[in-house]
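Next, two complexes with subunit A in common: one pairs it with subunit B, the other with subunit C.
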Partner chain A sequence: MPPMNPLLTRRSVLAGLGFTGAALLTGCTSAVSLQAGSPANETSKGGTLRAGIGQDLIPGNFFTNSNSGITTLIGLVYEGLIRYPNDRVAPTPRLATSWQMSADGRALTLTLRQGVTFHTGRPFTSKDVEFSLRTYAEPVWNGQLRSTAAAITSYDTSDPQKVVLHLAHPLGNIFDLLDTVPIVDSETFDGVGTGRQYVGTGPFRFVSWTPNSQLRFAKNPKYWQPGLPYLDNVNVSVVPDPTSLTSQLRSGQIDYAYGNSYLDIEQLAATKRFTKHQLAGAEQQIYVGTNITAPALSDIRVRQAIAYAIDRERIMSEVFRNSGYAVNLPWPKYSNAYDANKNTTYALDTAKASALVKEYGKPIAEIPLAYSAQVPLYRQTAQIVQANLQAVGIPVTLDPLDGAQFVKRLIGAEFPGMWTTFHSWAQYTPSTLTVSAYPFNAAKNSSHYSSAQYSSDATQAWQVADGGSEEAVGHYGRLSDDLLSALFLIEIGVVQPQWVTSNRLRGVSYTKRQELDLTRAALSV
Partner chain B sequence: MIRYLVRRLPSLAMVLGAASLLIFGVIRLIPGDPASILAGPDAGPDTIAAIRHELGLDQSLPAQYAHWLGGVLTWNLGRSYIIGGDISSLLGAGAGNTVLLTSASLVIAVAVAVIAGPLWASTRRPWLEHLLTGVNTLAIALPAFVTGVLLILLLGVLLPVLPSGGVPPDGLLADPTITVQYLLMPATCLALPLAAVLARYLAESLRTEMSQPYVATALAAGVSRRRIVTRHALRNVLPTSLTVLGLQIGTLLGGAVLVETVFAWPGLGQLIEQAIIMRDYPVVQVLLLLSVGVFVVIQLLTDVVHALLDPRIRLGGAR
Partner chain C sequence: MTDTTVAGAAAVPGSEPPSGDVPVIAAGNAPAFPGRRRTPLLRGRGLTGLILVAAVIVAGVAAPLLAPYAPEEQIRNANLLGPSWQHLLGTDEVNRDVLSRTLYGIRVDALIVFIAVPAGAVLGSLAGVVSSQFAVADVVTQRVFDVLLAFPALILAIGLTAVTGPGAVPIGVVVVALELPLFGRLVRTATLAVRELPFVRAAEAMGAPRSWVLRRHVLPNVAEPVLVQLALSMSGAVFIDSAMNFIGIGVRPPTPSLGSVLAASVANLHSNPMYAVGPLIVIAVLVLGCQLIAQALTADRRRAGA
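Moving on to the complex of A and B:
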């Protein structure tokens, strides 16, 4: 028998294990038991929700709804004047209780809710509406509905409980603006840009932000809806790695997550311990953009061939796990611009696509397809598009770009061929898309597309007094025709983002901009 | 010695000045800019122009450089374009977390190496030697993001005994026993490759040491192997092992970038990763210049120690 290792006697091993075990059992409180969160009492009120999000707050993006840090903050701390239900574009009261549009569509009178105070205790008045809308219109804040906000020429705030918005021309999407803009406190607004102070009228007040780490919120005890919210505190951790986010959910460290992959959410939901929230009504659209001045892409037959060749159903199924549906136009099914017939104009038809390429007749050089490499969904989409187009004789080179570089090229209209990414704003009044989302902008866009007809149709759709009227729907139909005939942007699908929560969290809701609404959320034991 | 230090100062200032210029220029050569990031994909060129003006990016490059350098020289590090807060505060918070993480990793790595190295060197059981060799090879070969995920799955999800990531909700200082539990997994993950390298080096050094004549004499005199290893051989090989440890600390800091991301630990690694992705020029500039500064100071300290140990260097410098 070999001699015993001097450092590994049975006695020393047992002593070590015993010491470690004793230390673990008696030495300290378990972080895991604490992380289960404060259980709610019998009435399911109170407690602290621990949440996780994939992206940190970016103060400069306050008005853009562009990442989960911002949408979480705005959903908890702020409110708008009206709110659209998620399944339609029809205003319901929020901080404004009623409204009246003048006959000529150029003055909107809003009656404000009484008894609402900011988290500082200051009463909410019509001056705050003016300050919020004027601030939103400043270019530096990049509010996507800035053109609509800028069309408000003056404000009548003589009555603290009433505000009259005077418009340069009728605005069919004015309620989109009122739904989108959070009402901010003018006295503390300087703190917004630096991330120090966020004061609104919402159900939770901002407590602190530790960059790259966490956001903390506490219940607003003076919230205007009596008895709400139920939760006492919300602690939101920033977890940039999607795998870690999923692990934290699985281990019970958090009860809400925004930033997991579609596949992870599908697997979590299959365990029955978690609930998948598919954000219908808060959609984004995945699309392929084209530079219509590029060789081959300048010919409509090649763009049509691309539109026929893309297997949209496969992309929606494999990449987005059926969280949405294939489309030819940006509009979601509940939109009054949605037309089922037009939406199948470019249904998958590889024979027709190949014929169009043949009809084009010239050799097609490799077309670069750019995407942001930091988002796996874009890579997967680009790979399927590449395979689809190569099958019909359109050679494609994938061009993965760093996120910052991608955005710079998109805004600078610098793509030499095609690109794929998301756009949003089609879930609102259809005219909002064409006046607010840069890729669709009639005056200047990433595709170098310009058309007097498209510009005219976009302007007319925007300047109707009632964005839901028959007249407006007629304009939207013409806009759809413009988009289908020009094909400078080739839509793939309407994608519904997903959240996941543990089954102990109930009552989670959201807005059309993916903002987190925990007003009626509660933790159950 | 003071004269020696004074003579070194101009060269140090030149190195830092050149580094500042290089850092400022190189980051601007990377395509993409912070205004685009802030504006987002739905923005138009007019918005980009407004944001560029707000951030001062529409000024000439020499003006931007002079403004930044002036701030650094007066310890006004400026504000982050993206996060919005003071860079000095961000730096303070991030550095504290990274120092805590790397210190804990260092402690774990040294502890593991000091136990495993002698064990490996002295064992005569083939299965134990194979086991230690296999574990050691895996610890060196597996990247931190793999061991991190495995540790999270094992200790955070399957056997939920430790938090899966993040920091204590009430802060690192509120309850040290909770903080230790949050720290244990990321620190172990970061420590593993270092511990493996150190243990391997220690084991090899100890094997060589144990073949020395004094060991045979001691064994013949009836001194136990344990006593020879712990009291004599280990002491003899520790100084050279410390050199290896020193060289590996840089690797530890590099590994912290990955580990901080996997475990959502808000340190400097995560800060610089985000800053580069978001083109947060002021933050990247300060962090890189700080790295150069730390390196320059370490070099200076090394030279000073050498000068203290070797009078010829000191005299040469003083002349």
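Moving on to the complex of A and C:
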């Protein structure tokens, strides 16, 4: 046996390993203590936030709150007259500091905040309120609360700091409108439709928009809240692919993302390097819509069979990773229209679903189920719904559509069978949903459903001056009964959207329409 | 005259070549007799390619025997499971067995590759022959080919599916449309070259009808380059098919295809890394197999022409 190299004796190897281990431990400990003890956990003023969103701005949809490009822009650049806290429908001051409703519910006087200027430097006045609300009511902008805006018959703007809205009739959801409509600058509004210029009173100024690439914003140095915002700039990249969005977060290229899959967010949050923001109060509802003039779907028994057959709990668990809960009606749990008992009307019951299909008796031809192909959540949901319905004897063909084509068919009520997507607006005063949202609108909806009873209940609920009163709640109960008996829309679940941020970013907030609020956001040093 | 001396070179209708073989001319100056040559697909890389392609086809054909689950079966409580003995490649985001979907996915891809590409080859070759014979047809077909070649494959696919909607048929149409100009131009060029050869001219001078000359002299001589292009196009079609399915304009869910399984896997790799492995391996094997076959055929042509 040859003599051992003196440098490789057992003792020297052990000593070496021990030294290396100690050095590694020391290094790790140092790194940890450095992080804990350094200003890394402290936030600072200034800096540029790099953000990523899944959908680009669509200038023509400015007033629709329909995608993350728009909600990001409006959240940063604009403000409304009032703002609802996320957990309830109760107005708090924003650009209006106080308000007074007349005894008959037909005149609302709003006192406006003083010292507010647009990003151009022009003072904000009552004329801007009138211009914003009138513009929102124009059909070309497709504002979903247009009927409420159109019910404002005249404006008294004689006092620049006060505006009186005269209403055609009492409006239980007037504050929903005031929370929703961004106050725009009349002098530069022409640039909104082209994506050239966005001027508001918000904490950030619009700098530029490069289609399909980036939105850039800079701090509003004359913001009415002193010392805010903290950030100097916000650069928002448009990243349509959810996987790329997640990769950009992981690699530190961005610190905020909106558009990741729920599964990715779950995994990112588990790493402790990222924070999951569950947008409670800004809920969306996933649902299956039906064209009730289509063969088979025109029969209530088939629609009931669909409602009994869908495995809502599975969809909420596997697709939305329990970021919400299964429902039969659109209302979130905090809504004064929510009724736990009614939400069990169509609990999963495949035997009953099969029996209803048999009772229908006629052969059912393949029913198309449309969804927006670009969104993996819809594809997953549609495939589960398809399997659920096949199991009870309702054949379904999946019909993936381009996003723009899907929205066109939804607004134009052009679906030949079923569709699945999100709707919103149930987080507001319940009457808003039934007089406004495209799928529910009693006057014209995507399902071609029309009923004198439903229209009457929707109108009565809408015209109660206090949307939270007992009288209004009674109307909401009747609306819920209408929705459950007509079943032109089959609700699956209430979903709380999710954002994810790196732990560097603090103070991120949101509105009930998922608008990004970075007024108090800051990056750690 | 050595470059065109072939048996039956001056054959006319009614007379058969002495050997009974179809006289063919390779690109060079030596005659080629494929019936007497050992086929390049039974040796070396040709054989390897053939085995790879055959293995994939067999796996697809035998999918009902090999797959442990139905491709569309949603298995309860099996969401995005990693590999196990029960699910060798794990499960997907709607609880389906990935191995089963991969095996069945081969069928869709194979159908498109082995039906659409030959269809494109036949139609393109016909167009090439016609355009080589008639001046007006030549101008029309060449301009149509120019238009088809001007579109990148995926742009053409997106444009077509915007009208027709997604599905296997639009994929097939796109593949045929892409192959048409390739085979059309190839056959036209080869036909024009063969027509100028002395033995063809001699046959024409002896009064042989045009159709007979085409059948007996021209088509046999363009068969080999067409076969090589066919193998190359098949490997290209695997890519096109997979890419169309990957970007969501392929077969409709829940029908599995290699591209759609691969596309769905990308968003779920953190949960089940093996999700992408199955379709990736199959696509790689299929493309490699077709490429090896094409290379073997090309090398054989070169050898024959040497």
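Please note the rule applied: the second predicted complex is superposed on the first by the 482 of 525 C-alpha atoms of A that agree within 3 Å, B and C clash if a C-alpha of one lies under 4 Å from a C-alpha of the other, contacts with A are read in each partner's own complex, and residues count from 1 in each chain.
Quick note on the criterion: contacts are C-beta pairs under 8 Å (C-beta built on N, C-alpha and C of every residue); 3 or more make two chains touch, one makes a residue touch a chain.
Given the structure is predicted, the values throughout are model-derived calculations rather than measurements.
By the document's definition of touching, neither partner reaches A:P295: not subunit B, not subunit C.
In the superposed model, A:D402 makes contact with both subunit B and subunit C.
In the superposition on chain A, contact is made by A:G60 with subunit B only, not with subunit C. Judged by the touch definition given at the top, the superposed model places A:A382 against subunit C, while subunit B stays out of reach. Using the contact criterion defined above for the overlaid structures, shared-chain residue A:T243 touches subunit B and also reaches subunit C. By the touch criterion defined above, A:Q214 lies against subunit B but remains apart from subunit C after alignment on the C-alpha atoms of chain A.
Number of subunit A residues touched is higher for B, counting subunit B against subunit C.
In the superposed model, A:Q374 lies in contact with both subunit B and subunit C. Of the two partner chains placed around the shared chain by superposition, subunit B is the only one that A:T421 touches, whereas subunit C remains out of contact. Across the superposed pair, subunit B and subunit C both touch subunit A at residues 243, 374, 402. Remark: subunit A residues 2-3, 5-8, 27-32, 34-35, 50, 52, 56, 58-61, 64, 66, 138-140, 142, 144, 146, 193-196, 210-214, 235, 237-241, 243-244, 247-248, 250-253, 374, 402-408, 410-412, 421-425, 436-439, 441, 444 touch subunit B in the complex.
Per the touch definition, subunit B reaches subunit A in the complex via residues 30-34, 36-51, 53-54, 79, 81-85, 90, 93-94, 115, 118-119, 122-125, 128, 149, 152-153, 156-157, 160-169, 175, 177-178, 180-182, 224-227, 229-230, 261-264, 266, 270-271, 274, 277-279. On subunit C, the positions that touch subunit A within their shared complex are 72, 74, 79-80, 93-95, 162, 165-166, 248, 252-254, 264, 266-268, 270-271. Remark: subunit A residues 242-243, 261, 263-264, 267, 318-319, 373-374, 376, 379-380, 382-384, 386-387, 397-400, 402 touch subunit C in the complex.
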